[in-house]
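One chain, chain A, appears in both complexes that follow, with chain B as partner in the first and chain C in the second.
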Partner chain A sequence: MGAQESTPRPARPVLACGEVRTCLLPTRDAVDERAAETLLRLRADERVRVSRRPNRCAVSPDVLTGVDCRLPTANGAKVRAIGTVAARAVLTEGRVLQSTAYFAAPADGPDSRRPWGYYLVRPGLLVPVGRLPAAAVAEGFLAGHRPEELDVGSVAESLLARISRAELLDYDTPLNTASTVLRWAARPAPAGSEPSLRFTVGEEGLRTVALRLPEGTAPAAVAGLCEDLALHDWLLTTVGDKLDGVRLGTDDQAAVRKVLGPLVDHLLHLWMPRARLERVLSGLWDALEETPGFTRQWDALAQRIRDQLALRALLARREALDARLTAR
Partner chain B sequence: MKGALPDEGTPFRETSAEPPTASVPFSHLSLELGHLYMEDFADGPARLARHFAAVRPWADAVRAGVGPLPGGRRPRISTCFLVDDYFSRLATPAELVPPLLAAAREAGLAIDYLARESGCAAPDPARPGSAPLAESVLHRLVESPPPGSTGYRPPVGRTGWLTNGRRTPSRRTSAALDASDVWQPPSETLARGHSVFMDVELFSGPEDDRTWSCAFLASVWQLARLGLLRDNGRAVLTPVAWDPAAFPADWDALPPVVQLTPGAAPFTAYGTCSVLPGRFLPVEHAVRVVLDQVQLEPDVLDQVARRSAAEEYPLPAGVVERTSYVFPPGL
Partner chain C sequence: MLVFAASDKGGTGRSVTSANLAYHRALDGDDVCYLDFDFGSPTAPAVFDLPDVLTEAEGKGLHSYLKGKTGEPLRVDVWARTEHPVLRTRPSGSGRLVLLPGDRTGGEFVTDEENLHRCVDLVLRLKREFDVIVVDLSAGRSYAMDLALAATAPRSALARITTRWLVYHRWTRQHVMAAAELVSGKQGIVRAGVAMGHDETALSGAIRFVRAAVPDLQSPLWSQARPEQSVWMHERDRQLEAMAAGLGIGKTRALASIPLEPVLQWREQLITYEDVVDSRVANLETWQAMGDLAQRLGDDKYWGQL
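Right after this comes the complex of A and B.
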């Protein structure tokens, strides 16, 4: 047992990327805390972390997937990286399930692959062979991977599939919803400039977020921010889509109630941006509140649903009254 | 990597979110004085005497190899012996253990800690509701990716096999494709020139009734001796002091690890050395393949690194390098 390298100082990452999948937990009712812990127990020896303030949120331990492949790059540069992609699942209020797969990468790495143990003591870090063109990889990552390149999305997807296979889920969801994909890439903000965020809504449920963050921001904290963004974007999308399909002016009261009822029962109470964000990242939400105004839009949607339900209750009462008067 | 719940600078904190990591005491070396199948015990006291007589000089050599330590301190070395009560139970502890201890004593060796192999497979009886150690380690396997792995692969937990490289691609059966159907060899990742490919079976049977393989339990045993396993932050396989004159008639009545020498150096150690019969070489090769792909809790690794550094006893970063073996002649 010689005096060799001891446990390493983690190299400071110059890039963190990830993908979040957000969906309704495939079950009739929201699950309670115990069921949430059962669902997210990805490791026998590590507890699911449960938080009750300001809302109920359960977070699985991180699980790792080893990769050794090329990274996507915007300029076609060939960059090989080796290491582990971290993945975790989050369940909010027992109702919305998210899985995130993410990694960080340092500016450079050894010239060849090292023994696997070297990477295992750096969980969630992809170490490039040689130098990392961080800007090109960030851009390439957001644009999507080609075959033979790193596929973080399939890591997130397989975690989601693993949880969704659980026996306690009945797949009888109260409303049909689409899942969304949010892909993010974060690089340190240039010296002297403020953190920034660019949120893009693309085709087929794909959202991309490009971030410039204070140096030293933990990749897990960035993942937390992006889970928060993805959750609220999913809520806006889902509720917006539901209202879009309904003819509110119609006389078919039952049909309208069938759409609005589940939204009230299952989704309206979930809006809570920045519930547990690191303070340094919380400010980034302000930009989104300014344009396009996430909470403004949500308030308008929620108000519309409540108004409709109130109006319908009134109408129903008057109809009942009319019917009684006619019967006399 | 503790994740999504913020911890710094927040005025409100929930302790349910972050269990603390227990620390365990460390010897410098955990010395294993051999391993026997149940059948070997059936061969009687002479077989045991031969075993320990063959182990003795090598155990002495291993002890001598640890020192000298900085400041002239004496190294802390504990000895242990693992009894296989998992794959077969031909005799009771009361029948099996006393002759074993006597044979060791005869050869001038003391067994400080006696462990049961079932302890690596079943939940700790002292902690109801705890996870079986083997299952915990299974969940901690992170496969070493052969070059070209992009993240799209079935997890080891479902296949039950773990390799040190890339398997031979499965062959097509269609006759029309015969021309292109050339055999491709498996390969060892990071092989030196030529491959020594190994595919390790970790368990067999369905999920609710698994039989763990000897190689996998031996891997758990190494990690336990290295003090690197926790269950929700708590220590596992904590030795229980035991009277060497009173062994029960039932293996399950015996704690998974018992301390037989009062005042012995701690069971858990910075490094391990196992003196084993050569027939265990393939098993221990498999152990190295497994240990190379177990992701341990960063908190636990940090703890060991800090403690050993404070003692000026530097450790290799890789867990595999903390284990060593002697396969003596005649064992």
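Right after this comes the complex of A and C.
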């Protein structure tokens, strides 16, 4: 058997892409660690990873979906890829649920389809048939798939749906919130240049993140970074939207009960960027702290909530006092 | 809360009244979405004044979603998109009002496991965002109704969401009989539900009737009638009430009675407060009846086994 005959190992990934969906876990109260493990036990043969510090976080094992289809490309080039998409779910503080579907791809692959065994030993890898135009696929992926092309969003969504059907959920959420979608694509940074991150908010609230990372960064680590981004972006969006809906003077008690109270009870303590990121990736957050200034925005929102609550308490006290004076 | 709007006959006022109900809940601060499951004859875009939505929904509506042709059904923000001059300014303190339109083409189709799952997943997703989910079914024992019954059966995840059924009928002999039959008849909702695993008491406790387009004999519209007419109408009204009670759909099981409204006689639309107090084209009683319906929908006092 010549060297050509042995199973060719695809080279390192030159591209990793994924989509994160973030939502509030549909229960009245945050769930405890046991419940989190039950929810995220997606496979019998692998454990749920839980950590308590710096915050409580549970991560499901990866589940794989086999695909053989075209990849989206910015220039319309037809690229077929075969392999598996990995998906996992993360639950932060028993309160915010995320699901990510992602894949990595090498620069080239065999010229024809191999038996499935070939792909199954490479979980989360999509092997192109022939060469992979990495830049065009990254760009096409962020722009969104066309019919018949790979749709990782639907993989992420069906994982979210699967968890949402779990018996222990009561669907009595303390707050109505929309879910968000964040799509990301990462390629190695060109030799000699720094890692970089470009975050954009597009149509219909779609977030996209284009990354250039150190060669050899594990796709799962990139997924972790993007889950962290998506979580904090979701917090900013959700709290911002809720506060915009509250008007001073209009039925204060209703506003406190329906919005301000639940925000304090369920979301305010969740802000903890880069809780468990690798050093290299953690540095990329700095750019977001400069513009748009994630933590600065969050602090301002948190202050607005406290001000509103303080003001309402003050008004309520004055009203009670007035009522007592007139009663005399 | 999940609300299914059903009726035995077509043209009862189910869609128009349900849309007004959704509007009132949103005015009261609830986040509301309205799902047009009346596949084949979607009227919601007209009622909410969204003329472009009919074509926009082609291939992207609920029908396509349930068939798996699109991952996410089209959503339309009514406050932002409506061409109704009054609705365009979203009232302070109001909640969201979102329409999920149906596809114009496609018609009825059979329930299978796949679209049942898709239906359940959609409702679970919407439940995270909305307080009230109104689903307008087609007239009669339709595919959409079977889907609704199957999706909310006790073993389904949706069984954990409060579900209420509104059965609309007009105030005539034929309509009253048909509505009673739709609920309690051999082919009715309750029997069909029980066959799918529903508990009979719980299911029938979650069904209420809404009388639509009822002539209010005290209103100027009718009180000006000739004495002979007036006597005749009062007599018929009394007989009808007795008949409804005999069929188990008397006053206690009627959640609301919506008066015959001249504006709705001419045009399928939302009745706004401006229509009542500014232009004064609509009757205050109609506005109030819609408000009562919206309020009672969420008031447990009006629900449960009687």
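Basically, the second predicted complex is superposed on the first by the 310 of 328 C-alpha atoms of A that agree within 3 Å, B and C clash if a C-alpha of one lies under 4 Å from a C-alpha of the other, contacts with A are read in each partner's own complex, and residues count from 1 in each chain.
Please note the rule applied: a residue touches a chain if its C-beta (ideal position, glycine included) is under 8 Å from a C-beta of that chain, and two chains touch if they have at least 3 such contacts.
These figures come from a predicted structure and were not determined experimentally.
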{"item": "Partner chain(s) touched by A:Ala161 [first = chain B, second = chain C, both, neither]", "value": "second"}
{"item": "Which of chain B and chain C A:Ala254 touches, first, second, both or neither", "value": "second"}
{"item": "Contacts of A:Pro262 with chain B and chain C, given as first, second, both or neither", "value": "neither"}
{"item": "Partner chain in contact with A:Asp151 - chain B first, chain C second, else both or neither", "value": "both"}
{"item": "Chain A residues touched by each partner, larger count belonging to chain B or chain C", "value": "B"}
{"item": "Partner chain(s) touched by A:Leu24 [first = chain B, second = chain C, both, neither]", "value": "second"}
{"item": "Partner chain(s) touched by A:Asp170 [first = chain B, second = chain C, both, neither]", "value": "second"}
{"item": "Partner chain(s) touched by A:Gly205 [first = chain B, second = chain C, both, neither]", "value": "neither"}
{"item": "Which superposed partner A:Ala178 touches (first chain B, second chain C, both, neither)", "value": "second"}
{"item": "Touched partner set for A:Ala223, first chain B, second chain C, both or neither", "value": "first"}
{"item": "Those residues of chain A which chain B touches in one complex and chain C touches in the other", "value": "151, 154, 158"}
{"item": "Chain B to chain A touching residues, read off their complex", "value": "1-6, 8-10, 12, 14, 16-19, 131-132, 135-136, 138-140, 142-153, 155, 189-190, 229-233, 270-271, 292-298, 301-302, 305, 309, 314-322, 324"}
{"item": "Touching residues (chain side chain A, partner chain C) in the complex", "value": "23-24, 26, 151, 153-154, 157-158, 161, 164-166, 169-171, 173, 176-179, 247, 250-251, 254, 258"}
{"item": "Partner chain A, residues of chain C touching it in the complex", "value": "29, 31, 71-72, 92-93, 96, 120-121, 124-125, 127-131, 157, 160-161"}
{"item": "Touch list for chain A against partner chain B, complex", "value": "1-8, 42-47, 49-53, 57, 59, 61-69, 82, 84-86, 88, 90, 101, 113, 115-118, 120-121, 123-124, 145, 148-152, 154-155, 158, 162, 220-221, 223-224, 227, 276-279"}
